[in-house]
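Chains here go by letter, A, B and C, matching the order in which they are written, and residues are numbered from 1 within each.
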C-alpha cells in the first residue's frame, strides 16, 4: 500500500529483561513535523487538485445514484439484466481470485526459491498484464482462445472469455504481494523448524504459509477489485451479450450511452463500495502485520 | 563421548572454512567453541546440527553416525543468534512446536510447554507474541523451544551476541545454572573469551578453520599451547622473547635477580587495577604490567619511576616465534 | 555477529520432488496465458507483410491517435509527478489530520473500474448536465469530449503510481540528510533539489515509467469521456477498438498494427523498469 508497512521495533529496549515491551509495537521511527505555512499551502493545493480530480467526481457518483430516491436505486440494481451482470461479474471474480491465490503463491515461490535459465524473463512476463492496454489484452487473448484458435478453443462470446480475461488482468497481484514476504523470511526460522523435527511440507504448512497469509490476502483483495472493474479486454473478447457475458462495467457503459445516468451511477456506486471495502481492509491488514513484527 | 567429529573439512568455493577437524566432546558437559569471527566455529556447529554438510569426515552423536542424517532427524536443539522466533505463533506455541510436529498428544504438549516456560521464567508470557518480548526474553523462549524436544545435544550459535552487555551477562550466568540443572550436552559458539572462561566446562579454540587447543578454562589460560591461544584468552605482553601475562610480572623499584630494567612511561588506574607501560630498552614495544592499586601505592610507582620487571616463578610463558629466532 | 562465512548457501532446502512439477506448471500457465497469445498477435500483425503494417501505421488517423495518446500520457505524467512528489513529501514528513485517510484514498484509483472513472468525471464536468461543466464551458473550457477530459481521466487512473514508489524511499532515507543540509544553511528549495530529489531519483523514474505505460494504455475511462471522434478525440486504444470492429483486411491490419506498437511500448517500459529495480535498491 502507499504507507509502506514499517517494521515494528524489535521488542523495544533490549536491556532490562523484566520490562516487556508494550503490547502494541510503535509505528516506526518517524520524525514528523506539524505543517508549516509553506507546506500547509502545498497541502491545500494538493488537496484541491485531489478533490477536483478524484473526490468530487466519486462523490458525484454516490449523489447521482440516489437521485431518484432509494426505490429507484434498488430497482436499478435489481433489474434482471443488471442482476445477471452483477452475478456474472462477482461469481467469476471470486472464482478467478481463488485460482490466483494458488497460482500466485506458486509463481512467487518459483521466482524466489528456484533458479533456472530464463527466470528473469518470467519476471517480465508476469508484469505484462499490468502494462498492456486492456483493449490489446482482449486482442491478445482472442488470438489463442477465439475464432481461429490453434488450440481449437473457441471461447469468445462465452462466459469462459470472462474467466480468461479476469485471469489475465489479475495475474500479477498475488505474485507481487507474496514475493517480498517470501524474500524476507529468514532462513534461520526454517532451519529452527527443521532442527525441531519438522519435515519440508510441515515447515511450509506451519511456518511459512502463516506468514504469507496477510500478503496473500492483500493480493487477493487487489485481484478481486481489479477483476470486477475490468472492461477493456472484455469489449472484444466476450461480445458483451446481455445475460450471458455482460459484466458490470459493460452494463454501466450501456446505461451511460443510453443517457440513464442514475442507473449507471447506481451500479457504479456498488463497484465503488467494493473498492472502498478492499482499501480499508488492506489498511487494517497492514496494521495487523506491523503489530506482529 | 557425546559428540565425535572426525576428519571434517568444509570449503565455500575457494574459502576453506574448516580443515581437518577432529573433536571429542564429552557427554553432559558445557563446551564452548571459542575463536575470532570468521574462524569457522559457527560452520562447525551447523555441521554438527545437520544444517550444513561437511565436505569430508563424519559426525557421531551419542554413538550414532549422523553424518548423512538431515537436521530434523538428529534430535538436536539449536538456538540461533537472532532467535529465529516463529513470529505468528504465541510464545507457548513456539515452545511446543517440536512436540506438535512429533504428533505428541495435546495434553503432553501442554504439560511440557508449561514445564519449559516455568524453567525459563516465561510462564506469564505464554500467550504473547514474540514481537512483544524483549531480546533476552526471546532468547529464553528459543532455549525453551529447543529443550522441549528433549534433545540429546543442545547447540547455541552466539546466543547472546544480539543482546546488550548487561543482559548478556545475566543470561550467561543463567545458562550456566540451567545447564547445572538440566545436564544436557551443550555446545555454544562465542567470540567472547570472558564468556567462554566463565561459563564453559571445556573450551575448544578454533582459528582459521583449525582447532588450536582444547581443554578446561584453567588449562587454556595457564598452559596455552601457542601464541594465538594465549593472546586470545587474555591480555599478553612481550618480554625477553616470550609472551607473558601482565599480571604475572613482578615489578620493583630496585633491582633483583634476573629482572630487566626500564622506566614507567605511562600509568593508568582502571577500577581496582593499575596498568603500567614500562619502556624497556631491549624491547621494541612497551612492556605492560598490571598490579593492584594497593600494591602500586605501596611501591610508590609513578610515571618516570625507574623499575625492574621479571615474570613470577611458574608464570605461563609462550615463546614468540620469529622474535626468538631474531634474537639469536 | 555469528561468523557468516562467505557464500553460505541455504542447505536446508534439499532438492525436493516438487521442484520440477512446480516449475513446469508455472511455466505452462504463463505460456498459455501470456506468452503464446502475445506471440500470436505479433505473428498475425505481420501476416500481410511488413509493408502492410507500415502502411497502416502511416495513415493520418493512426498517426493522430498515437500523437494524442502520447500527449495525454505526457500531461498525465507531468501532473502526477508534480503532485505525486509533493503529496509523498507531505504524507511522509508531516503530521496533519486525515493523513492516514488520505494515504488510503490515494490507492483508490487503482481499484476503481475505468468506466466508473469515466462516469464520475462525466457527472461533474459534462458540459450539459455536469456539476461544474456548464460553468467551465461558459468560460470557454470544454472538458468532456475534449482533450482536458481525457487528460484528467488518464491522470486519475495513474495517480497512485509515482506516489507508491516514492513514499517507501522517503521513509527509508529519513530526514537526517535533509536536517544536515538545513543546518549547513540550505533553503528548503535547495535541500529539495540537491538532497531529496537525487535520493528519490530512481524510485521517481520507476514511477514515471509505470505512469507512462499505464497512461498510454488507458481505454475504458477515456472511452467514456472522449467520444472517440477520429482525428479529434480518438486515442490509439480507441482506434484499436474501432478498427477491429470494422470489416476489411486493412482495418484488421490497422487494429493489429496499432496493438503491436502499444504492446511493444508496454514491454519496453517493463524491461526498462526491471533494469531500474536493482538501482532502486542500492542507493
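Just so we're on the same page, contacts are C-beta pairs under 8 Å (C-beta built on N, C-alpha and C of every residue); 3 or more make two chains touch, one makes a residue touch a chain.
None of these values were measured; they are calculated from a predicted model.
Student: Which chain would you call central, comparing Cα centres to the global Cα centre?
Tutor: The most central chain, going by mean C-alpha position, is A.
Student: Farthest from chain A in C-alpha centre terms, which chain would that be?
Tutor: Max centre-to-centre separation from chain A belongs to B.
Student: So the centre of each chain is just the mean of its C-alpha atoms; given that, what is the distance between chain A and chain C in Å?
Tutor: 16
Student: In angstrom, rounded to a whole number, how far apart do the mean CA points of chain A and chain B lie?
Tutor: Once rounded, the distance between the two centres reads 52 Å.
Student: Compute the distance, rounded to whole Å, between the mean C-alpha positions of chain B and chain C.
Tutor: Inter-chain centre distance comes to 57 Å.
Student: Can you list the chain B residues in contact with two or more other chains?
Tutor: Correct list: 51, 70-71, 80.
Student: Going by the touch rule set out above, which residues of chain A reach two or more other chains?
Tutor: Correct list: 191, 194.
Student: Please list all residues of chain C that touch 2 or more other chains.
Tutor: 12, 14, in rising order.
Student: Note which residues of chain B are touching chain A in the complex, please.
Tutor: The contact residues of chain B facing chain A are 49-51, 70-78, 80, 82, 84-89, 97-98, 100-102, 125, 128-138, 142, 145-146, 149, 162-164, 166-167, 170-171.
Student: For the complex, give me every residue of chain A touching chain B.
Tutor: Within the complex, chain A touches chain B at residues 8, 10-17, 19-23, 25, 186, 188-189, 191-199, 202, 206-207, 210-211, 291-293.
Student: Quick check: in the complex, which residue numbers of chain A touch chain C?
Tutor: Against chain C, the touching part of chain A is residues 1-4, 6, 28-35, 38-39, 42-43, 45-47, 49-50, 53-58, 60-61, 64, 103, 106-107, 109-110, 113-114, 116, 120, 122-136, 139-141, 143-145, 150, 167-168, 171, 187, 190-191, 194, 200, 222, 225-226, 228-232, 235-236, 248-250, 252-253, 256, 261, 264-265, 268, 271-272, 275-276, 278-280, 282-283.
Student: Quick one: which bits of chain C touch chain A in the complex? Just the residue numbers, please.
Tutor: 10, 12-14, 16, 19, 22-23, 25-27, 29-30, 32-38, 40-41, 44, 83, 86-87, 89-96, 100, 102-125, 129, 131, 152, 155-156, 159-160, 163-164, 167-168, 171, 174-175, 188, 210, 213-214, 216-220, 223-224, 236-237, 240-241, 244, 255-256, 259, 262-263, 266-267, 269-271, 273-274
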